Amino acid sequence: MVGQRFIQLLDDHPFFDLSLLFSSERKSGNQFREMVDWQLEGTCPDRISRMMLNDFDPELLKEHDIDVVFSALPGSLLRDMEKEAALDGGKVFSNSASHRYDRDVPIMIPEVNGEHLGLISSQDTFPAGFIVTNPNCSTSGLVMSLAPISQFGIKKVYISTYQALSGAGYPGPSSLSMLGNIVPFIRKEEEKISIESGKILGKISGNKVEEASIKIIPSCARVPVKDGHLLSINVELEKEITPQEAKDTFSSLRSLPGLPSAPAHPIVVLDEEDRPQPLKDVSTGSSVKGMSVSIGRIRTDGNVLSYFALVNNTIRGGAGNAILTAEMAHEMNFIGGGRG
Amino acid sequence: MVGQRFIQLLDDHPFFDLSLLFSSERKSGNQFREMVDWQLEGTCPDRISRMMLNDFDPELLKEHDIDVVFSALPGSLLRDMEKEAALDGGKVFSNSASHRYDRDVPIMIPEVNGEHLGLISSQDTFPAGFIVTNPNCSTSGLVMSLAPISQFGIKKVYISTYQALSGAGYPGPSSLSMLGNIVPFIRKEEEKISIESGKILGKISGNKVEEASIKIIPSCARVPVKDGHLLSINVELEKEITPQEAKDTFSSLRSLPGLPSAPAHPIVVLDEEDRPQPLKDVSTGSSVKGMSVSIGRIRTDGNVLSYFALVNNTIRGGAGNAILTAEMAHEMNFIGGGRG
Amino acid sequence: MVGQRFIQLLDDHPFFDLSLLFSSERKSGNQFREMVDWQLEGTCPDRISRMMLNDFDPELLKEHDIDVVFSALPGSLLRDMEKEAALDGGKVFSNSASHRYDRDVPIMIPEVNGEHLGLISSQDTFPAGFIVTNPNCSTSGLVMSLAPISQFGIKKVYISTYQALSGAGYPGPSSLSMLGNIVPFIRKEEEKISIESGKILGKISGNKVEEASIKIIPSCARVPVKDGHLLSINVELEKEITPQEAKDTFSSLRSLPGLPSAPAHPIVVLDEEDRPQPLKDVSTGSSVKGMSVSIGRIRTDGNVLSYFALVNNTIRGGAGNAILTAEMAHEMNFIGGGRG
Amino acid sequence: MVGQRFIQLLDDHPFFDLSLLFSSERKSGNQFREMVDWQLEGTCPDRISRMMLNDFDPELLKEHDIDVVFSALPGSLLRDMEKEAALDGGKVFSNSASHRYDRDVPIMIPEVNGEHLGLISSQDTFPAGFIVTNPNCSTSGLVMSLAPISQFGIKKVYISTYQALSGAGYPGPSSLSMLGNIVPFIRKEEEKISIESGKILGKISGNKVEEASIKIIPSCARVPVKDGHLLSINVELEKEITPQEAKDTFSSLRSLPGLPSAPAHPIVVLDEEDRPQPLKDVSTGSSVKGMSVSIGRIRTDGNVLSYFALVNNTIRGGAGNAILTAEMAHEMNFIGGGRG
């Protein structure tokens, strides 16, 4: 699903030009449209549906004069293609978990930890290329909401998730398991949320990230919803704030003007008593739909701030966030010429 | 839905004999089957489907020599029929919220706070009758799970709910609102959970309940599931325990042998990594299916115990719990003869 | 739902300018956004959300110099507002069933029976105004598919429907009734399909429609799908044709160039073995998404042609079709000035 | 799913004693409960959950003195295990399609074509054993409904299906494909319905079945329903009948008293205007729930009889029907001793 989102969002992109597609060996040598069943709304852009799928070969990057690589590889591959690409000079923006926990690889949410992007200068393994990663899909929604309120001091976070089916990729869970049911387990998801959040909210110290000392206790469940991870979040703060202060603080998260995929409001606060809802709010976002996190039902009880947040898991929690990161890298001249 | 569960569970009950049905004025004067669309699995018991619906009139209780009344009234009625019934000597077991917060009315979960039943002796308003209430459907699952671990000292509880459609009664939410969606709001539900839990877990002091001083922070959401409220629970304890200790403690909640609706194991702990699930576990319970609470995914992190619990919202969280309470009252001779 | 589609599709329309909203008495006097919960994807256009809702009063049409009225009234109102509007000179394009079966009122699908629009000249009751109607939502999909193949002689049609929830309006059926279920009954739907199809496919004879003598046997069911009525259609033809001939014939239905809401291809034939599907194909249509009918799984057996068709029930089967009809009336100068 | 139904229905069966389980090689050598995720309501019978899974080996049948074999093999296996079992004396009752179209193998619905069972005497390939098959799951519902009305002369049948997810086995279709969607294609299903119906409704002539000359035109679709295939059926009869005659005729299909799995009423006619519905009617059946076919919405138009039928696809359309067939074979002494 994230791979298809990359294609959808990169079609007709002002900075980047999609010029080569890699796939698994089994599918390579064929046209995209022959091998892939389009799962997103609408249809696959025509030009891309006719592109050939290639076996991964870093040589092809040079041949085609490509320097930007977007990756949505599953975690379990034998070859470390992202590393191979970066060794050959590729600027890799990855949605997979393989390198997220590497010391010199940043996990980026551009509006939150833009300064972490500088870490790539320390990636001595790669003379010309680098690897930058996306957070896990539910982490991205959590951390975007935590970032602005971290000024009040975050001690502990309880999060229970209502995660959409598309987060599991296609085909993902059986319809017999999910129709009219909830499955309160997603493998490794809780671990990812805990570790990644601390890293993204951490501070650069020398050439590594010093993790924020926030205790995060996640409980993850899969729900029968197509798109949009809903998060029930409780934050223990060092000081008491009012719901209005929380609301103003969420809304204050700054946009990144000039980047084509940056929404005017990275966080949109909803006043209705029963929002955010996946069906109604999953496409929130001004430039690219699905890039804003929606927050609602803000309540406080003593020093505890409670709210629900919704993140579009394949856009802000996937392809869209990686592209926004690449746009930032482009503006900061980490990426060569005008073409990716 | 709860009204139909009462009928289903009282059909052929060893202690009670269903002899009169009350309904709204609009439906009274007709046979049950003419006015009510059966929503539960299977069909309505034949004898009952032919019974007449009556306008509520406490006189009828005397005429038919009835002393036990089960009530599943909606909250918003003008007349306080439960009070009228109790004034006329009726022993009322109610699933509605109208009297739950009255000082001398207990909210019962028989395995948890059996000793609270004695409170009815203080109901001076009613010379012969009394009113006993059920907790709210999600409260019942939460409190059953908290009761055994309260021995370790509960400081604070965070609970996020995944509540089934049947909890809203029929017709309840629109299919357009719920298909493939989550609605993170249920009116008054969070308030009910907080208040009721403290009362049920409290101690009798004189002729009232002294509420337990447990802080509960609930976040409630409706999910597209037919039956079974799933609860994501985090408990801050006064001391650290291991997952195995938690498991043993949950399993130690005692049954009430001799009561026909009492399950052998009020709490069933599941070892599978992805349970409890509404579709698979909603009917857990030995005597009456749906009377046991299922608990799984037990984890600890410092002094925080986390787990998922599942309660059948119309049985343990509704009719079944009220009937079990009436069975207990019967055994304790709060109810007159051998038959209600 | 159809009312909201009208608003969505009329916002920024090149021919018409939405200048007044009527509502039920209960809601009138308030802003649209205060009284109406937006059910469609995206948000309500801002300008419209701030418009006031008015009690219906034909005088207001004159006051505001309005001549075009779009109606999505429920069938069961006491006042015949459409007639009142037409008597006062209103050009009424209606999605309700009230006047569909009037002798001099056409049921329009512009690409199919454009010549029927002339019938409005015979509406002597209305000196200046007129009433034109939309077919029922499932009829529109059926008849668009039958029109091109009627050249082969249609003797009998069997149609079984898989109708979406939005066809019932909001709130429509209970989620408890529809989640994981099919309801094989939609009140009056089968009658509507039979009667309307004959009228739309009929020929103008004098100042009335001579109905086509096609026997239609419909079986209607509601399914848990949000948007898009899927139709399983079997047509007994007077002559045998091949699937390829059927395919070419479906594709030959002509567009109406120049009308802003007319799709380039009123019928889109899909070659994949498992299409059309509501989730993937409900937005088919070039100018306005949802205006094209998708057809797939074309098979023949002797003189029987079988296929599945999908129609967007609130767009082609509702607001979009009424607007396209108004656009046609505008081009044919049935509507006064350049602005509605 | 059908395999698990066999286990559920054979547990504690009066004629048969489940004594050996075969599985794929990958799972064999382990306990049932270790390898199989129970998908049905309730839990797997305890005794069976502890049974070992074995590689298929016909020798084991002799060793354990087993003569009855129930098979729910997928169609695509390399080895023809059913044939191997029958060659070794096994009496095979199969739910798979492999031998359904063999000339001397009957496709059985005991109440419909009991006399076809005699065909097994002609299976000269197997000196001691035999193979008997079940129809396809949707065929079973169609043919049970057609059998009683065939007395009026059936010329042609149009059937559109609404087939449940469990018909595809576990895991079956992706939840992303099915949630809120309909897929109008099930591979080979339409072919199966056409061919099998003619064979089951045919007459024994010598040692083969002479197929009934009924033209059947099926259109099959998968719907997001867990259990229960709903069928929209139109029958062109040689004579006109009234809905009441149709109703009486459906109800007249005779039961098979004495067979433990035979329902008192093989067909149950529902009078409600909106039934049968999968959620409410899938468990219809007196002895074993799910063995009766429910029929409703009976209408006639000239010589066309229209109705909806519902069949429990894994019980009457699967394991239950095979067991009923074996019970009949047992009563007719085709099976050796009193115990299988």
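Each chain gets a letter, A, B, C and D, in the order it is written, and its residues are counted from 1.
Keep in mind that, in the parts below, a residue touches a chain if its C-beta (ideal position, glycine included) is under 8 Å from a C-beta of that chain, and two chains touch if they have at least 3 such contacts.
All of these numbers come straight from a predicted model, not from anything done at the bench.
Undergrad: Between B-C and A-C, which chain pair shares more contacting C-beta pairs?
TA: By number of C-beta pairs in contact, B-C is the larger.
Undergrad: As a quick test, compute the distance in whole Å between the mean CA positions of chain A and chain C.
TA: So the centre of chain A lies 41 Å away from the centre of chain C.
Undergrad: Averaging over Cα atoms per chain, report the distance between chain B and chain C in Å.
TA: Whole-Å distance between the two chain centres: 48.
Undergrad: In chain B, what residues contact two or more other chains?
TA: 177, 179-180, 224-226, 280
Undergrad: Tell me the shape of the graph of touching chains, choosing from line, ring, star, complete and other.
TA: Topology of touching chains reads as complete, every chain touching all others.
Undergrad: Which residues, counting only chain B, touch chain A once they are in their complex?
TA: Going by the criterion above, the answer is residues 158, 160, 162, 177, 180-185, 215, 217, 219, 221, 223-226, 230, 232, 234, 273-280, 296-297, 301-302, 304, 306, 308.
Undergrad: For a test of understanding, state which residues of chain D touch chain A in their complex under the given definition.
TA: 1, 39, 165-166, 170-180, 224-226
Undergrad: For chain B, which residues are in contact with chain D within the complex?
TA: Interface residues on chain B, with respect to chain D: 38, 41-42, 179-180, 280, 283.
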